[in-house]
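Pasting in a structure now, in structure tokens, and then I'll have a few things to ask.
Every chain is named by a letter (A, B, C and D) in the order it is written, and numbering of its residues begins at 1.
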Amino acid sequence: MHELLEHYNYWIVVILMMMGLYIVIASSNLVKKLIGLSVFQVSVFILYITFGKVTEGSPPIITDNTDVYSNPLPHVLILTAIVVGVATTSVGLALIVRIQEAYGSIDEDEIHDMDDKDDFHIEKQV
Amino acid sequence: MIENLQLLIDVSLLAFLVLIVFASIKMTDLFVVTMLFGIFSFVSALLFLDLDAVDVAFTEAAVGAGFTTVLMLSALRLTQPYENVKHRHSVLALFIVILTGAALFYGIADFPDMGDPNAPVHQHVAPEYIQLTQQKIDIPNVVTAVLASFRGYDTFGETVVIFSAGVAVLLLLGMGQVKCKQEPEENLVLWVVVKPMIALILIFGLYVQFHGDFGAGGGFQAGVIFASGFILYSLVFGEMYARRVVPAAILPRLAALGVLIYGVTGLMSLLSNKPFLDYNALSSDPVSGQHLGILLVEAGVGLAVFSTILLIYYSFSGREVKHHA
Amino acid sequence: MMIIDWISDICLLLGGILTLTGAVGLLRLPDFFTRLHAASVTETLAAMLLIIGIILDTGFTLDSAKLMLLILIMIIANPTITHALCRAAANGGNTPEMETGNPLQSSSQTVSQSSQDKQVQTETEISGKEPK
Amino acid sequence: MIAAAIVALLITLALTLIRAFMGPSIYDRILAVNSFGTKTVLLIVVGGHALGWFSYIDIALMYALVNFVGTLAVMRFFEQYNPRGEQL
């Protein structure tokens, strides 16, 4: 019981992470894959922020009231990671838009089928 | 009492997170999945707030819930908003996920307890940062001090990453053009309400930018908030007018200028024989030099983030829907 | 001091009850427009009551001024969203379902004459006549 | 009383979430998501006051603004994608 109560944040983090991974693997839609990746990302953020928390601590903003502060280092890492995360997501989405325009589909399986057909035609011509 | 409340909020927020993701696994309408992802970010930001990470909560709410939602919606406009359920590899995925999950659960057992002040993370660098911030930089917000001064190199790298992401999106999608048929319908109530709201958002953005030394906030958050003001204008009044206010052509230059401000601040200290990004060189008094350096660097970050975010939005929303023949 | 505490408690309690009733309405009512109606109660009155309860508890500081600003934003923004959503739903072919036909059609002549209202009414009329 | 308000808000959030999952039309979902956002703002204000979170009011302001922008964006893009009718 002690283990469960002391670690519940970590448990949920792993569950969320696995759900994100499940979306990435199971779904063949590229946009949904990106959403799964973002879920995975947020679960890692929660993991880091949970590490940084100190019981009875206050946010790392210096005041006269307290001496115990939570760890500022994970906060800095995650703050920049969030902004970089959105930048990479936008590049991914731009790629997906171009794939849609080239293939008429954003479904991974359909795209693979089209690619296979193209290869087949090329071999025939050769 | 208070601890019970905190536990209650914490546990219910985590439960909400799991529920939201579970529901979005089952949904096939990607519009709905995107909206659910928006509230997922909201809830996770609330969780960060509960875990003492004020700045992170701020960023996650602005970036995750605000901008990512808008971005995914505008990408969905250009693609198909439905997922084909037939193409799912559920069994394979379940197998991999259960295997990985079991390994991770096994690993978790060795983690230090939550909130343990003697955990290894809290022993090494963090106490020095907190102490040095009080001595050398003298601003209350340790996160801003670490971000802009102690680890200024990293932040410079991240600003460059954001800038290059903007360039990549620009190369992939182009600046886009606006046609009149894309304009939103007339809605007088929205027009009247949104005008003062935009002013409020911009003022709030400035407040966040310059209040970052004392409380939650800073360049990253302020840039996103500022951009979302213009995004709101473009959503309600039409993108044609938004592009007259902030032309798309100046945005890449503004983004580059932001990165340049950051870099030049670093170079200034090289001129007086100090290491790169050592703000003590900026003024005769080291502490006020640090203050000046952090102000300049945050301004550069804010400008770069603002123009990159708005540029990415323009690229997506200005692109015409092309249907594959 | 005692009285202010009492008022603050009453505000918080009322706000809590109103949010709950609004949520139950959002969950239980039969169609979209009635749900919208239920949700709008919590988004204005309950929000106001809860925040006023907190303001009375904090006393008169900078924080309470910011909370006033928050009340202002919520009072303006949420009804606007509700209005825009209602309009979008009516344009999108979603008409209120009633047992006695559609009362919007019969009462539309008597309501105020401003151009904005007229436009909304004609739109609902059009969408009301469309086959289901 | 603050504890009661927090519990009421948490239950409200759960109920709103159920409506967002159930649908049935897309407008119901937008309504539920927007309502969820408003309730989180209230939870930040009430919970922040009770638990003494740092600068919670700034974050509540920000949530309110972001929620407004986000909901408008959802409606705008939905209208663009599905301009006339076509019940979902």
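A few points about this structure:
Keep in mind that, in the parts below, contacts are C-beta pairs under 8 Å (C-beta built on N, C-alpha and C of every residue); 3 or more make two chains touch, one makes a residue touch a chain.
Keep in mind that this is a model prediction, so the values were computed, not measured.
By number of C-beta pairs in contact, B-C leads when A-D and B-C are compared. Chain D has its Cα centroid 23 Å from the Cα centroid of chain A. Separating the centre of chain B from that of chain C, both taken as means of CA atoms, is a distance of 31 Å. Chain A and chain B, compared by their mean Cα positions, are separated by 14 Å.
Multi-chain contact residues, meaning those touching two or more other chains, occur in chain A at positions 58-59, 61. Counting partner chains per residue, chain C has residues 73, 77, 80, 84 touching two or more of them.
For chain D, the set of residues touching two or more other chains reads 7, 30, 53-55, 58, 61, 65, 67-68, 72, 78-79. Viewed as a contact network, the protein chains fit none of the simple shapes, being neither a path, a ring, a star nor fully connected. All chain pairs that count as touching, in label order, are A-B, A-D, B-C, B-D, C-D. Looking at the complex, you find that chain C touches chain D at residues 8-9, 12-13, 15-17, 19-20, 22-24, 26-27, 32, 35-36, 39, 42-43, 46-47, 50-51, 53-54, 57-58, 63, 66-67, 69-70, 73-74, 77-78, 80-81, 84-85, 88-89, 91-94, 127, 130. Chain A contributes residues 58-59, 61 to its touches with chain D in the complex. The touching residues of chain D, when paired with chain C in their complex, are 1-2, 4-5, 7-9, 11-12, 15-16, 18-19, 25, 27-28, 30-32, 34-35, 38-39, 41-42, 45-46, 49, 57-58, 60-61, 64-65, 67-68, 71-72, 75, 78-79, 82, 84-87. On the chain B side of its complex with chain D, the touching residues are 1-2, 5-6, 8-9, 12, 16, 19-20, 23, 29, 31-32, 34-36, 38-39, 42-43, 45-46, 49-50, 52, 54, 57-58, 61-62, 65-66, 69-70, 73-74, 76-77, 81, 182, 184-185, 190, 194, 197, 200-201, 204, 208, 211, 215-217, 225, 228, 231-232, 235-236. Chain contact summary for the complex, chain D toward chain A: residues 53-55.
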